[in-house]
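The following blocks contain the structures, represented as structure tokens.
In the two complexes that follow, chain A is the common piece, with chain B as its partner first and chain C second.
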Partner chain A sequence: MRFHLECRECSTPYLPQKVAICENCLAPLDVVYENVKIEKSELELREKNMWRYFELLPISSKKSIVNLGTGFTPLLKAEKISESLGVSLYLKNDTVNPTLSFKDRPAGVAVSKAVEFGDKAVCCVSTGNLAASVAAHASKAGIEAYVITPQNIEREKFTQIAAYSAHVIAVKGTYDDANRLAALASLELGWNVVNITSRPYYVEGSKTIAYEICEQLAWNVPDFVVVPCASGALLRSIHRGFKEFYEAGLIYSLPRLVGAQAAGCAPLVKAFYRGTTEIEPVKEPDTVAKSIAIGDPADGKYAIRSVLETDGCMEEADDREIVEAIRLLASKEGVFAEPAGGVTVAVTKKLVELGFIEKGSSVACCITGNGIKAQELVLEGFSPPVIEPDIKELARAVSGEVEELHAKS
Partner chain B sequence: MRFHLECRECSTPYLPQKVAICENCLAPLDVVYENVKIEKSELELREKNMWRYFELLPISSKKSIVNLGTGFTPLLKAEKISESLGVSLYLKNDTVNPTLSFKDRPAGVAVSKAVEFGDKAVCCVSTGNLAASVAAHASKAGIEAYVITPQNIEREKFTQIAAYSAHVIAVKGTYDDANRLAALASLELGWNVVNITSRPYYVEGSKTIAYEICEQLAWNVPDFVVVPCASGALLRSIHRGFKEFYEAGLIYSLPRLVGAQAAGCAPLVKAFYRGTTEIEPVKEPDTVAKSIAIGDPADGKYAIRSVLETDGCMEEADDREIVEAIRLLASKEGVFAEPAGGVTVAVTKKLVELGFIEKGSSVACCITGNGIKAQELVLEGFSPPVIEPDIKELARAVSGEVEELHAKS
Partner chain C sequence: MPKVKLYGHIARYSSPELTVASRNVRELLEDLCKLSGSRLGELILDSQGKLREFIRIYVNQTDIRYLAGLETELSSDDVVTIMPALAGG
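For the complex of A and B:
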């Protein structure tokens, strides 16, 4: 056996089965790998997707892998933003994963694991990135996907989910009601709800972001890594990834981790500034960054611990700053991010201005999802000039700057 | 000088400047490379994006490259469709390029070339994939993008274009009116309209699809490559790509090329079956595959020549077959394609059934764009059951199959 499960708090070991919570202390379980040996030179020859890190993923047989080509997404130098901030800013561009978000990493692992368990179906509660990713991987695996969602979600949100032929069940109630129902389905019906039933495996997928950043910077580690925080699992998973590469002797330092939240739902930032890991839930999240607006984050305290352990911090950005950052990223760097990506860039900007991120530092920002899924934000105020099909009107429409804009060849 | 331009018909040579049409015979110009030397072993070490083929791209200096990480998109084995058709089907998944379509390849080259020419702006006529890609690359390059579009286009189509802060100019008229205006702007205002003014360079980007297929099949060549045809330039460019690799001694055979069109706009298919390269324009295209509905394709005759030269064919699929193929791809292989991708898969299916593609053949299908841009197609008839947040109702909603669907761990 290459890995087993272990309680995050009391270290009780478990066989790598479909179990997520410690029987003794009810804390979450983590995957622990045994005798990992991994060579840079061998790694560099492998296929450029997240399955190249097979030794550090909780899948027993390569045959179980459900591969849509996830991972090894571009790490782009944000040249103009770097220059204006005085840092070296890199964008980890997960907007181009198979279903257009980082969720393909955890969902890819969870659905592969479901195949290994012999499950004929997987389930999740989501109306967004997670549902699309679970649905796509279930399609590829040839198993069913059940997506539980609150009622009254805009129809357009279901485009990907409908395309991948997932079974959608709308619940008369809130997101919380849908989540409680899924937890019950996991317990009482034995459903594999990927982010509940299979959580120890599911969260492992996201740490491949850390591995890739190391490789893409030629085995160097950035000074800071900025991660959006919803449940907190992504930040903790990325921290694990860096630690595992450090312990395997592949890198020689760890980055300082920054957790980024939207001001309209920032329970981790608030706890961090109160100097505690005890989270006060936010009852009514109110932000444009809906994909990370989790009021009572399950892995919140662990995310804060990771931040403290690496001498990092938690910071928030408000809706205006988030939308500005989305526009900045798209119009200066050609990367169109959903609000969660805007949050990381806005927080980076703020921390440079505050001096927490020193000038000259290298910073990697996680751009976790594609802006095309949050179109209403950028279309506000969009109103192009309308002209007759006439060359003089065209020239006027671009306000006389035409001559100087175009060089002669 | 590593490359020059040459007339496609009369072979008159030109310096590699901003010129697209032969002065003598008005035929299009092509880029011709001189003394290309490229080694497999060296190539395999390079960065995994389309700029790894620098020697075969018409950019003079690597400094001009506008790199958003385009290319080296996954080549996925479509396992279930392969099995049902009795062929080895591979999907060249360009739905995950930076702006979610293959257009990042030609637009990436054209905008890099504009940087090299010293242009301060680029222009295109498009409401879809091309405009999004030109806008994103212009942002990254720090130059302006002007997008000319017919009036009365649905607002949602502009999501990406608005995000990347392109200047949109709506024309009172049809798509043809907008195109004529852009051609005039190129001629009279000296604008760099990427697919007109810079066409010889622009079309070069798409051939990287051919290079990547060769590399991703370990330097083997599939028996067939199926390409959607709009202007015809994509198919011809892919043909060029395979020929260049063949001439460089990197591969030892050429694939048979299949051009795929929607029945509602299939001038190339019609010409092919009439046994001619003379295209009769389609006056009123009528198909769901809007991104490839070009009634009078500029490179049509060259696409037919490529098909004839490789012993391939042209074939069409109707709207029902296209939508069915989109659903098949998404629900069996986890890839959500726009209609142009549906066309290639539908045509492949038809040609296997007709026996033109023999059982046991290997086939690569170009999946050129992401289905999320054509959401109305898959949401038709989407109507999930609505339940109370109650575990019994949930179990009933999935119609009693729950028990047997879930294995015990």
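For the complex of A and C:
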């Protein structure tokens, strides 16, 4: 056996079965790997997707892998924003994953694991992105997908989920209401709700973001990595990823981790500023960043610990700052992010202004979801001139604008 | 009388569904322990009588942290759900 499970609080070991919490203390379980050996030179020759890190993922047989080609997404230098902020800003562009969000990483692992468990159907509870990703992977695996979401997620996300032919159940209420229902489905009906029932495996997929950043910076790490937080699982997984590469001797330092939340749902930021890891849940999240609107973050305590351990911080951005950051990213760097991506850039800007991120630092922002999944925000106030297909009308429509356009002769 | 439903490992120490004559959640937990033994109590409350981190209690559909916590009052047709805090997101 290459790996087993272990209780995060009391260290009780478990066989790598479909279990998520400790029988003794009910704390979450984590995957622990035994004797991992990875050589940089060998790794660099492998296929450019997340499955190049197979030894560090909790799948027993390569035959079980459900591969949509996720991962090894570009790490782009954001030249213009870097210059204006006085830092070296990199964008880990997970908007270009197969279903347009980072969730293809954890869903890829979870659905592969479901195949390994012999499941004929998978379920998930989701603010939209995970649902699309689980649906797509289930299609590829030839099994059924049941996704539970809050009723109010973006239309675009429903469109995407419907295209993959998943069974969608929309719940009246918040993400947490949907989560409680899904937890009951796992407990009472025995469903494999991948982010609940097989969560120890699921979360492992996200750490490949950390591995890729190391490789893409030629085995260096940035000074800061800024991560959007909902449940906190992504941030903790990224921390684990960097630690694993550090312990394997592949990198020589760890980045400082920053958790970014939307002000309308920022229980982690609030706890961080109160100086505690005890989270006060938010009953009714209120933000345009719907994908990260989780009021009762399951891994909140652990995400704050990761931030403290790496001398980082938690910070929030309000809806206006998030939309501004989305526009900045799209108009200056050619990357169209959904609010969860905007929030990392907005928080980075704020922390540079506050001096927490020193000028000259290198910063990697995780851009975890594609803007096409949340279109309303940028379409607000958008009304293009509508003209006859006539050259004079065209000239009139752009008159007084951009000289560059007329630079023909 | 309020109905209680227990799920997952918590249900190991009790019958999964019972009816109790308790006036609030704290009293309900005490009554449960009297019925089902102290192991159940230890799983739910810490030595200071605080709700443990990985337990969630709902009165009908609402988390008691949004109500009056352990002091949340119960009426006769309430359904109380006690379950492990199963992570999602």
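Assume the second predicted complex is superposed on the first by the 372 of 409 C-alpha atoms of A that agree within 3 Å, B and C clash if a C-alpha of one lies under 4 Å from a C-alpha of the other, contacts with A are read in each partner's own complex, and residues count from 1 in each chain.
The definition used in the following text is that a contact is a pair of C-beta atoms (placed from the backbone, for glycine too) under 8 Å apart; a residue touches a chain by one contact, two chains touch by 3 or more.
Since the model is a prediction, treat every value here as computed from it, not as a measurement.
Asks: Applying the touch criterion given at the start, work out whether A:Pro339 contacts chain B, chain C, both or neither, answering first, second, both or neither.
Replies: In the superposed model, A:Pro339 contacts neither chain B nor chain C.
Asks: Classify the contacts of A:Ala20 with the two partner chains as first (chain B alone), second (chain C alone), both, or neither.
Replies: After superposition on chain A, A:Ala20 lies in contact with chain C alone.
Asks: Per the contact definition in the header, classify A:Asn93: touching chain B only (first), chain C only (second), both, or neither.
Replies: first
Asks: More residues of chain A in touch with chain C or with chain B?
Replies: B
Asks: Touching A:Pro255 in the superposition: chain B (first), chain C (second), both, neither?
Replies: neither
Asks: Once the shared chain is lined up, is A:Asp177 touching chain B (first), chain C (second), both, or neither of them?
Replies: Both chain B and chain C are touched by A:Asp177.
Asks: Using the superposition on chain A described above, determine whether A:Glu188 touches chain B (first), chain C (second), both, or neither.
Replies: In the superposition, A:Glu188 touches chain B and chain C alike.
Asks: Which partner chains sit in contact with A:Asp296 here, chain B, chain C, both or neither? Use first/second/both/neither.
Replies: second
Asks: First (chain B), second (chain C), both or neither: which does A:Pro385 touch?
Replies: In the superposition, A:Pro385 touches chain B alone.
Asks: Just to be sure I follow: which residues of chain A are touched by chain B in one complex and then by chain C in the other one?
Replies: Shared contact residues on chain A: 173, 177, 180, 184, 188.
Asks: List the residues on chain A that touch chain C in their complex, please.
Replies: 20-21, 23, 25-28, 125, 127, 173, 175-177, 179-180, 182-184, 186-188, 193, 195-196, 199, 230-233, 281, 283, 294, 296-299, 301
Asks: Would you pull the chain B residues touching chain A in the complex into a rising list?
Replies: Those in contact with chain A are residues 17-19, 48-49, 67-69, 72-74, 76, 80, 93, 95-100, 117-121, 136-140, 142, 144, 146, 148-149, 151, 155-156, 158-160, 162-165, 167-173, 177-178, 180-181, 184-185, 188-192, 326-327, 330-336, 370-373, 375, 378-379, 382, 384-391, 394-395, 397-398, 402, 404-409.
Asks: So in the complex, the part of chain C that touches chain A is made up of which residues?
Replies: Touching chain A from chain C are residues 7-9, 43, 52-56, 58, 61, 63, 65-66, 83-89.
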